[in-house]
């Protein structure tokens, strides 16, 4: 199998993005599958174009996009992406869409086709905090997740795909008080476990993992 | 105009539900519109049945369902409901669906048709903290919001509808340490403002209000 | 009895200080005791001078100083003040002492002589969150509490005195995300209850109220 | 030089105590100084007796006690210990003193004689979050810190001593939601840096590090 993993470049005033910092340090092979790692820009539309280019080049079986969720404590596989761009800040090229559909002909939302509960389970087995998130926000992270699942739905039905958010890492919070973060090495271990689960589980496991709100 | 507002009964070990505590204390008239208030059970399916019964009886122009989001600091109009029941705890009749579709023939998600950004703006004008939430969870709150919007989509196209989460109130957190809450009176003021906005604004305002994740 | 209550003026970029906002709205009489309310400057030494002036003028039986603790969820009577000024930011006249003793001839710390556990109990009976704090910080709040208790210890042994921290109020956090705050009216109710307890209880009650750290 | 470092055994329902987990993994030598590591019981008085026994046996130049502060994000050298035991829960032998002095003839408080600001600086240079805390609570952590400084003050004037709190580690929070923690390896790196600073700095550095409250 072939797994394509993307990480965003830094945005929102941060000097690094823990997503790509972790992605580029992942092993080149997990569970006998080749891991292809690319950085994508934190830019509406362009991120999607770069993603599709790489899907065409590499023809992967699985695509997992990784993004930063500053303020979260856990590694959070996302359950669903929604058909809306609503940017609280400008992206890295100055775009700030407000309440716009991502694709006019897309569904209102797409669910991740990755085994998200199996991924959470595998990550936690390594003593790394994880849970399923039910919102990827309305910025470029949701945008790329939605775009990926739209592509899968419309053109690449054999690919399994989804998105995982990771917390800040140490150097990002060293001068912020009381801010959740995760050691970069823990993120790498966690993502490796998540990829393993994505490769091993054809169907997701049926286990408790919802949220009250 | 006629506005139907629902609040859930207590669940998850709580003795009260701030949603219905606030709903039952709302004025009987807001912006010259009649306000009809009902309590619905925190039970999958039954909550939806009771909701539709009341829609049939009262024939409202607007339906707003209110639920408790323990742990949130703000009043949060929800943007979207997703087609999934995934219960972390049992509902009030012991049901605990895991990863089940709410309606087989429903869309993957429905967006609120209320003017959610105008609602946030009106609430904040009263110095009550508010923001848009992009997840109503996967328990009965998301269930009722999804069901309401499904009903509107399939059978009641003239109704505008959506969901608002409210924080814990004082008596719920008095013996929990460092837990966000909101004074009940502030919730009532906030919901009244939200209803006002729902009545006054035919279309939502275009303003920043998204979230990064 | 006569009770002197002080509240600080705004500092640290805030436009108001919830301490004095609440203090000036307290009743003029509580439990048949006269309540004298004064504003003091958020300035090292000057706050202390203004406090002693008012002690001389009013000859109170009880002195309670009130300050803002942005980030706390509860009303927190302070247990102890320590003999150190260590300012993270400049005070309102530009002073920023680092690791300096407040009084060379003072004890390393003074404990509040108010019935702090009875105060917490009375506040919570009103459904207002409260707990004992074991640190008043190292800025002007600790400075005035230490100075008050030093004065009591050296010159006014018949006065009972101490300090209470209060959270931000609504207007301070309306544009900050996920920040604890308390409704001003709740603060007023809470402080009134605390003053009642200070008047009624000659000795503190013996009840659980410590912290692990 | 010789450095004696203590860590508590587990308490409060936890299966491990990150304090001793980290202490026992510290290097045997730091900056050419011998590091002696002992576990002490989370028990009032007994912890102090075991501490003094070890001071007599090892005759250290520096004593640093380490304890768990569940809920904190950072490694926190403590500034001060206060003369009070006020237990929120029972200690490991069932003792639960309420508002009792630790030593009748002790000062109201003792300040750490370690270079706490230099320690924070050295820890943060390793990208490990740290800050000075102004309260060690009123349970066994404050008890042992106070007892240590009392001993130094009364009988061992040549010893420098103090206390450091460390966060939960991964396995303690894996089934708690949104709870701060620190990777054990980061704690070990942080404590090693703190010990280095304690050995290298005869006097503390003069730098900003106070708290508003």
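Per-chain numbering from 1; labels A, B, C and D assigned in written order.
Assume a contact is a pair of C-beta atoms (placed from the backbone, for glycine too) under 8 Å apart; a residue touches a chain by one contact, two chains touch by 3 or more.
All figures in this text were calculated on a predicted structure; none of them were measured in a lab.
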{"item": "Equivalent interface to B-C, taken from C-D, A-B or A-D so that over half of the residue contact pairs match", "value": "A-D"}
{"item": "Centre-to-centre distance between chain D and chain A (centres being mean Cα positions), rounded to whole Å", "value": "39"}
{"item": "Inter-chain centre distance, chain A versus chain B - centres from mean C-alpha coordinates, in Å", "value": "29"}
{"item": "Multi-partner residues of chain C (each touching 2 or more other chains)", "value": "none"}
{"item": "Pairwise touch network: line, ring, star, complete, or other", "value": "ring"}
{"item": "For the chain D and chain C complex, residues of the former touching the latter", "value": "12, 67-72, 79-80, 82, 84-89, 96, 98-99, 107-111, 117, 133-139, 141-142, 165, 204, 206-213"}
{"item": "Chain B residues touching chain C - in the complex, by the definition given at the top", "value": "73-74, 124, 127-129, 131, 170-171, 173-174, 177-181, 183, 185-186"}
